[in-house]
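Below are structures written as structure tokens.
Look for chain A in each of the two complexes below; its partner is chain B in the first and chain C in the second.
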Partner chain A sequence: MDRLTLVLWIFDSVTGLGLLLLAGWALASPQLFRGIILFVAFSLMMSIAWVRIDAPDVALAEIAIGAGLTGALLLAALSRLGDSEPTQESMNRPIERSYRARTFRSLTASLLAAVAVALVFLILALPGDSEGLGAEVAASLDASGVSSPVTAVLLNFRGYDTLLELLVLLLALLGVWSLGGLPAQPVSPAVLVLDTLARILIPVLLLSSAYLLWAGTHAPGGAFQAGAVLGAAGVLLSLAGWQVRQRYTGVTLRLLLIAGPSLFLAFALYTIVAGQSLLEYPPQRAGVMIVLLEVAATLSIGTTLAALFVAEGPRNKEGQ
Partner chain B sequence: MQLFNLALGLLLLMTLGGGIWRALRGPSAADRMLSVQVFGTAAVAVLLLLAQAFGQAALRDVALAFALLAAVTAVAFVRRAWAEEVDCDPE
Partner chain C sequence: MEALAATVSWDACLIVLPLLGAIACFAWPNAAKKLALGTALAVLVSIASLTIRVTAAGAFRHAVGAWGAPLGIELLVDGLSLVMLSATAIVGLAITIYSAGYFKADVSSRFWPLWLFLWASLNALFLSSDIFNLYVALELTGLAAVTLTALAGSADALTAAARYLLVSLLGSLTYLLGVALVYHGFGSVDMAVLAGRVESTPVFWAAFSLMFVGLALKTALFPFHFWLPPAHASAPAPVSAALSGLVIKASFYILMRLWFEIVPADYSTFTNFLGVLGAAAVVWGGLQALRAKRLKLLIAYSTIMQVGYLFLAFPLAVAAAWRGALYLILSHALAKSAMFLAAGNILYCAGHDRIESLDRIAQRLPMSLAAFAVAGVSIMGLPPSGGFIAKWLMVEAALKSGQWWWAVTLVLGSLFAAAYVFKVVGYAFTQAEAPHTSIDVPAAMEWAALALAVAAVLMGLIAPWILASMEIGRAFPGAAIP
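Presenting the complex of A and B:
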């Protein structure tokens, strides 16, 4: 048992030290591509750290959205920077270091340092022996309609947070579209290897997305993780040169994008009209409502993430 | 057995150091990309070992999600960031 503690202690020290180093290198990297690579590595290390502090839900979200989808998004964004045809030089292009950039950097750094000091102060001011809200959540878990405490908090007890998160995601896509999106990239036909990979991987991604969604009701998983995997399927399809038919990119695409937020809003209205407070589901129907919400939210999140990756304007859109 | 799994996990975590070194040094973008893919594979293995050590089945889902998404990231790199290099690189 003693040796076990020692191994765990070393494990946690290596993870913590690795996190700090990776974060520092990723931020300080003069080459954007190297920064992205280090960010993905940081995200992976972070999810191991989340596992170690017993938060597998956050680890799953971190690894699916942080390391997986954001990595692909950043790579695609980098390839669109400046030259339309990126080369080795453009990928290793150093960041501009003008006087203004330096002033901005030092301003940001001091602001972040102030936030960090405030956070440390707050953490030190917290009561050390507090139980947190865990016991309260566990006590009212039966009324929530699901057996996973994290899903109960995200979709029932603090449902409005999740509603606002969905709206933020939608707003991000609307922002990209409002700026006109990016011009369509020339679609080169996929080589055989990529084509085969897409054919094998897409069904697995869809199945895993459905599985994560289902798992969310009783174990780590849920709409955001399932949506990220679904979005990854859309990203892979788009990378393999697959395009959505024109007639599905109008109303159908928009309906998919707003399915999650609008169902959420409808439930919010329903609960208010029914005489309860905002998003306070009736306990006997809470389970069904949460599953419906999760399905709609997964579809919307997946579609939004894929559309963000494609990043083309709504006129000449492809995407999921 | 728990100690064995955790020790193996720690060993894998240590080998990531080599991966990070390659990600920092490069020199080519493909070197860095491959190093982070190795990093991902090792992280998946560490997660599986942790799942075994603590009996937390949910960690296998985390490993599954990343194993799937790592392939997508690699494709994104090859198709979007590396396309030019493949055409003109004789290797």
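Presenting the complex of A and C:
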């Protein structure tokens, strides 16, 4: 065993064990706040694991959505669980459980552990060299209009799945709004540090988002990652106390939210009327169309994620 | 115009049009009601055209993006999907008309986009032939269903919706885990491709078990039914109708497809186990329905019972039993949504749905009570209803295959159904001493419920035509109709 292999082997073992430990701590944590922080740490570690198994696209999504936005959403939800402003005490309040609940928990945990052990044995028994559809994707890559196989699958070969997934995101926001959203939080005057940080970070985030979007056609990246970074910029703006003017929160916001799905659906409708297969790209224009769809999708994903974080009802809401 | 009608792919219209409608309703909430009614009509035209095409030219596959399996996603239109799509369209139209009168202005603008999303995702699910795409459609369906449940806004509804959300996510993630294993083991997610590749290996059975548990959870098979009664009982009436009539059938549909197309062979131990769970659901659902104090809760328990019947088709295994199960899906979709809509009218008029206080409903809402009773005919399985044909096929299959005990279960279920339907009807005809205050119910809401109930009964009269439609593309295992 040469030295590099040994180092990588140790690295992987630490990552794997760390994942198990973090997951266990996050689940066992009696305080919700601590549980969320551990969950974010778990996601960060998970993204390292994704990189190690050659899935950089998933790693990017995991960092941006799993660690970043989900963490922010969970914290935002926690801070509004009580009626009053969250205090250190309420955040650290242990969850009380009855005897019955504890029995149920241990039963569930045992069942899940048994399933996990069975899955591990099963996965060890799987053939390691499963190619999946790699060969088919590579063979049709030239006709897809992009050179990144992941983007080719997401936007072209299985673009229909992506259309539905964009709608899942919009549906989630509709769900939050249909519950009346959350009451507006009092606008705190921007703390100087946060304000300065926001002023510096926002341009960087916007640039990163644009880069990820552009890179998606030939390298890891794409609309979901770019949208998540854009959403993060929106979250930061809202944390720093910025608000969108009332006149932009009506139709303008709605149009931004539906831009991606609408463009996709307009394309779908065109292919139906033209008598083609659903979402069939003209080969010579596929590249341009994919970039256009991704730009619209990025805007919508970013706006949706930021709006989910702000989570106020449709009447007085903020966007980006 | 005729040339256009010939080239347009109506199957894709069934997905794209309601999605466009949903987004339009979201963008222009003030016009949402008109947009939704327009969309419902457009969907109806699409399904009618699709039926004409499939009846004339047979089952076909639609390669989305023109790639074809295994690289791309394929849609499949055959008898099985056609029956599910038609049931969705008929119930969907009734729900749309009903909801136009049911919801107050502020809830209405939230309801329409969600409802059209649900409709579109059900259509997408019934058309898909790709197990990963089915996951996405299942997720979209579940999320829309949960949100619609929460629209009622009461504490009960919110608790039920939160529980429904967790169950729904657990179900779809378990299913997804199975899909991942299948993809790793057999290198495809297309059902037709998988049908040729799958072997009876440990990997396959582990994957199938995961998918089965996830789907059974979402179908509310006993003992996974615990989430259904509170959710279906506390949702707004038109939503309950969609949940009981259509949404739980979506996960069962995936299960049927997997069973018919991918699963290598029948295993009698497993199928008998499913039959036992189904029988337990019939008994448990029946008992709980009899005990229920509230009308909507009673109807929800009745749904658990009907889900039990569907799982009896697994041990019966012959084509006639599956035809019976599919007939039951169709007739139950119509009858159960009619019942929920009628119950919604009663709730709307009287302000409560306590069964013991249903007195004088017969005088005030004769049409809604009639709708409930007529739908009850199909739920009980009396001739000439659709429910009768379904049970007849299943009982016949049970007796012919020498498994008389499943026939006993089916008959027992009918007795339970008769008992709880008559319980409701009996209370409705008692005379009240004191006059109650009541609110007038819009005529369209009463007609929508009655029309669905009558359709459920009339379904028994056009049985040959429906049974022939089911055979298109030979989706069922076993022989075609003689």
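For this structure, a couple of remarks:
One rule holds in what follows: the second predicted complex is superposed on the first by the 284 of 320 C-alpha atoms of A that agree within 3 Å, B and C clash if a C-alpha of one lies under 4 Å from a C-alpha of the other, contacts with A are read in each partner's own complex, and residues count from 1 in each chain.
Criterion: a residue touches a chain if its C-beta (ideal position, glycine included) is under 8 Å from a C-beta of that chain, and two chains touch if they have at least 3 such contacts.
All values derive from a computational prediction rather than experimental measurement.
Per the definitions stated earlier, placing chain B and chain C onto a shared chain A by superposition produces no clash, and the two fit side by side. Within the superposed three-chain model, A:Ala215 lies in touch with chain B and out of touch with chain C [touch as defined at top]. When the two structures are aligned on the shared chain, A:Glu131 is found in touch with chain C, with no touch to chain B.
In the superposition on chain A, A:Leu278 contacts chain C only, with no contact to chain B.
Of the two partner chains placed by superposition, only chain B is touched by A:Leu44; chain C is not. One of chain B and chain C touches more residues of chain A, and that partner is B.
When the shared chain is aligned, chain B comes close enough to touch A:Leu75, but chain C does not. Closest C-alpha contact of chain B with chain C, superposed model: 24 Å.
Shared interface residues of chain A (contacting chain B in one complex, chain C in the other): none. Partner chain B is touched in their complex by these residues of chain A: 3-4, 7-8, 10-11, 14-15, 18, 21-22, 25, 33-34, 37-38, 40-41, 44-45, 47-48, 51-52, 56, 59-60, 63-64, 67-69, 71-72, 75-76, 78-79, 85-88, 91-92, 188, 194, 197, 201, 204-205, 208, 211-212, 215, 219-221, 225, 228-229, 232, 235-236, 239-240.
In the complex of the two chains, the chain C residues touching chain A come out as 4, 7-9, 12-13, 15-16, 19-20, 23, 26-27, 62-67, 70-73, 75, 110, 113-114, 117, 121, 124, 132-133, 136-137, 139-140, 143-144, 146-147, 150-151, 158, 177, 181, 183-185, 187-188, 202-203, 206. The part of chain A that touches chain C in the complex is made up of residues 118-119, 122, 125-127, 130-133, 136-137, 140, 156-161, 164-165, 167-168, 170-172, 174-175, 177-179, 251, 254-255, 257-258, 261-262, 265, 268-269, 271-273, 275-281. Put simply, chain B touches chain A in their complex at residues 2-3, 6-7, 9-10, 13-14, 16, 19-20, 23-24, 26, 28-29, 32-33, 35-36, 39-40, 43, 46-47, 50, 56-59, 61-62, 64-66, 68-73, 75-81, 83-85.
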